[in-house]
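The following blocks contain the structures, represented as structure tokens.
In what follows, chain A forms one complex with chain B and a second complex with chain C.
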Partner chain A sequence: MSDDQGSPRVNSARLKNYLGAGHPVRVTGKVLNFSDDETHLLMEAPDGGKIKVLLPPPPQTHGVTDTFVEIVGTVVDASTIKHMVCINMGSDLDLNLVNQAIELSFDSKFRGRLF
Partner chain B sequence: MSYYTGSQSLPAGRSIYPATVQQLLRARQKHTQSKFYIDGMELDMVTCVAHLVQIGPYHDNSGRAYFVEDGSAGRLRVSQFSWSESNPLLEGSLKEHIYVRVMGRLKNFNGKNQLIAVHIRPVLDMHEPFFHCLEAMVAFVSRQKRISLSAHTAPTMSRSPRVTQQHTTPMQTDSGTDGYFTPQASWADFENMPELGEIDRLTLLDHHSDEHLHNPEFVQEPSLPSQSPPLSSTSPPLEANNLPSLLRDPYSALSSLQRDIIIKIQENAPLFPTGVPIKALYMRIGRSTDCDSELKIRQAIEEMMEDGLLYSTIDENHFKMKD
Partner chain C sequence: MTSDLSLSLISLSLTEGICQRLNSGDKDDESLWNSKPTLQFLSIKKVVASNNAGAPGNSNSVIDRYRIIISDGLHFLQAMLATQLNFLVEEDRVGKNTVAVIENMSCQHIMDKRLVILLGLKVLQRDVPKIGNPSPLNIPPPQPASAPGPAAPVSSSAAAAPQLESRPAMNRANPIYPIVALTPYQNNWRIKVRVVQKSDIRHYSNQRGEGRLFSVTLMDDSGEIKGTAWNTMVDELFERLQENRVYFVSKARVNLAKKKFSTVSNDYELSLDRGTEIEECHDVDVPVIRYNFVDLQGLQGLEKDAVCDVLVVVKDVGDLAEIMTRNNKMTQKRDLTVVDNTKFSSRLTLWGKQAEQFNSSSDSVIAFKGVRVSEYNGLSLSLLSSGSMAVDPDIPEAHALKGWFIDGGAKTSFQSHTQAGLSSGAGGPINRNEMRTILDVKEAQLGMSDKPDFFSMRATIMHIKTDNIMYPACPTPQCNKKVMETHDGWRCEKCDRSHEKPEYRYIISMAVGDYTSQIWLSGFNDIGNTLFGMTGNELRRLQEENEAKANYIMLNATCQPYNFTCRASQHSFNEQNRVRYGIQKMLPLDYRIEAQALADLLRSPWAQ
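Moving on to the complex of A and B:
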């Protein structure tokens, strides 16, 4: 992850705004399923959108063990990110709360001052 | 959700300010020994919930260095100096790529802000990072509102005298003689206003603005709408469709008479440095609320003095509002 730039927390609707941004984003969501070859997984973003996460090839491990995770990664396209780091977030997370916090963080009152 | 402060307790009167990494990195000091400031707000102890990205040993092995991110900005270095007081429950529980809550104070090393941790612990409830985001927003908005309200209610006075004949207002007394209280009247004229028994007759005839009641050397410019208390909840919600206002009207528990008294004292405080006289309050309030008794006003004032909202100044007939 970048040492001097942030990795803003986004939902699926805002993902496309960071295409080619040069720094990673964070997506918190619910793991829906893994692909058979475990090259990618599908997750549900806080706003209900679906995001595909490209997983690192072996011998690297993706570290996904919980139902809810936060994936830090670079945006590949409007619905795909490339995994860099995974933070396991347990088995119980209110995605509506997460989405509200995300949307509020983009409010002009806070953007650039807090986030 | 409670904050675990570890082995150190906070001195009385101190508070912990919830902040994001971006705020902590942007905080500035006036000089190396002064406190840090963010957007004009002084910081003492701060708390932050962030992703523990990297754990590193302190360069002389006297402590540990942690690097955290919360997505708002770059990476914040958190230094924890002494391992002698480490909590055995925590040792080993801090690992990379988990969320942690850190409490500590800012320091600047080589031009970059770092957090000197009083306490650092793993987050157990995964709602806590989002709770912290929202809490930081609330704290930020609250501080901004307090700053803007204190600037908004600061006394404002125009130094240009407004002395014209057109503001002359006739007042009739019992005897039928007309007296004119003109803007040229002095402060002494106001102090020598007729006693309350004659107020009704005087106020009934005054349908114009209240300018003549002021010290004619100054013109008051009310800084807030006169119909609501100065500190009413006029703050807009964070989002118009979802969240409630962050500030409640602190005077909602007062009666309408008490609210009027508070408003008039606030509005006229700049004109009466030694306290707003009760006669001025009666002249203003008696007319607008049909309250024809000094007793009711005095009783309302005494109740508010007992509640700590007002206090008397030079004597029992002059009042100021408590900050």
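Moving on to the complex of A and C:
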């Protein structure tokens, strides 16, 4: 989960920090709805903000089946990411807890040691 | 006693004015009652006082008492000689006109008259001519002998006599003591108490033979004390002492309390034996039962086995059930669900007679005294046999509780300690703040002392011993004793019967570890059920049918983390003392809660 190799887990507020970063980020959240033509979906980030996820056109599949998912993708703008990979996380997830984990991971006290 | 010769040379002077002071001075003035006045006895008359309390078998049924007219030269006054000094008169050591120093005296209050009691005296000289010309004090106008008791033959003019005779049992030498003041070192006491609880007659047998006993809990404003009557006294006192009545008790033996048999909070207890005097009291001002209420929410703060009182509303009354106790006796029990205005509910169990006789409806306010906190299936309460219950008691707290209940309290949803105990780690038995690591447990030598220690921890199961994982047990509920296979079934020694099929119960011995160390824990049926997700019977059947699958299930149970509450205690195996760790509760982790706890921990001052 370190910056230079993997994709850090962020919430909606931190999205803008990674604009043009070159590496993707991951957002864990709850799928709110799909667009009619399935070009994008709307999800709720752990801090409550709404993020638009641009989905790949067919024949690629987005793989979103569960209510809670983690989307790995590149940042398009402060509230949009482009889907690369999706991890399904079931139907019960405490987003508040996830948010706490995200915030803690950015806390300078813990950054190098725990995360 | 100094010889008369030397005394005749001493001029005797009486303590003038003392009679007036004794009669009308401050009755609590210690200096007055501890002064040792010199007085002359103008006359001594015997008074036959029979104990009219109707106590059959009370050996002191007829006591002579001596009424003495004491004079200080200025006035004379009625006094009574304490019975322990009767011998002075009988042996002719004091008589008419004797002058003596009163070394010890006290004062008895009858209605609102005072009576001086002479408890100790030293004769200065017998037969001294009358000193001074004392005039009478404290001679109340002649009263008709309205006494319920037998009129004693009184010949002197003191009309206080019928008053005294009517309450001869009151002529104890002593004022009323508070219960807290009772000690074995002093037996001139009298207490005025209410019987708040009376036990059944119980039979016992020990090395010295058999016997019977019953006990009562006595209470006054200062405290409570237990009184026990044995063997023959059981017959005499069992009917006389009724619950909720008030009695004067004196001359019982004060012994050190046997705490094992009693939960009454007093270091001493009374033995009601042949010499004990008990008289019913009809006064209006009588000690009322005192409660020390804990509310249901506060139960969490109490230790297991603590005794307390609760004031609650009964929400649900269970049925009477018969169960078998450890000693193979059948007992009745009844479970109540009780709630109070802290929005908590709890189970309260009644036993024996109290269970049988319970007939209050639900929604009644009841005060329970003498309730023990136990951890059977979560926090619950059990009414002790020495406890008592009062329905709708007339105390302000009860009225307040009833008001709350009628006002809508009945409809609130209640939190139950029971649930807290069963959920995974949300409070209850898992004390998160006191979670220990295994190394910590070993190093702290928990369980090495005489008392068992309890602790909580989180660990992962490393290995489960698979040989001897279960035993055939008696299927009778609560029995669980190992049964032996005989020609006609499986025989249980405790229940003294055979069963067609046994119930297989788990005995689990497993190694668990955390990041610090590893230890062996032992657990029973519940633990096995949680580990494997199936009962002993089911696993055994699986073992017989499909051994591979059974092994797989058992293997799969390892590597799972759980929260444990454990009990560490010492056992000796062939002269070797070992600490064994038993599992009390094993709860799977709710990651949500655990993670939240971790997050909180990171934010706490500890992590800064």
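FYI, the second predicted complex is superposed on the first by the 107 of 115 C-alpha atoms of A that agree within 3 Å, B and C clash if a C-alpha of one lies under 4 Å from a C-alpha of the other, contacts with A are read in each partner's own complex, and residues count from 1 in each chain.
As a convention for this text, a residue touches a chain if its C-beta (ideal position, glycine included) is under 8 Å from a C-beta of that chain, and two chains touch if they have at least 3 such contacts.
Because the structure is predicted, anything quoted here is derived from the model rather than measured.
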| item | value |
| --- | --- |
| Which of chain B and chain C A:Ala13 touches, first, second, both or neither | neither |
| Partner chain in contact with A:Met84 - chain B first, chain C second, else both or neither | neither |
| Touching partner for A:Leu97 - first (chain B), second (chain C), both, neither | both |
| Chain B versus chain C as contact partner of A:Val76, first or second or both or neither | neither |
| Greater chain A contact set [chain C / chain B] | B |
| Which of chain B and chain C A:Gly63 touches, first, second, both or neither | first |
| First (chain B), second (chain C), both or neither touched by A:Lys109 | both |
| Overlapping contact positions on chain A, where the chain C interface meets the chain B interface | 94, 97, 100-101, 104, 107, 109-110 |
| Residue ranges of chain A touching chain C (in the complex, touch as defined) | 94, 97, 100-101, 104, 107, 109-110 |
| Chain A partner contacts - residues on chain C that touch it in the complex | 592, 595-596, 599, 602-603, 607-608 |
| Interfacial residue positions of chain B with respect to chain A in the complex | 20-23, 39, 51, 53, 69, 71-75, 97-99, 126-127, 130, 133-134, 136-137, 140-141, 238-239, 242 |
| Contact footprint of chain B on chain A as seen in their complex | 1-9, 26, 63, 68, 70, 72, 85-87, 89-90, 92-94, 97-98, 100-101, 104-105, 107, 109-110, 113-115 |
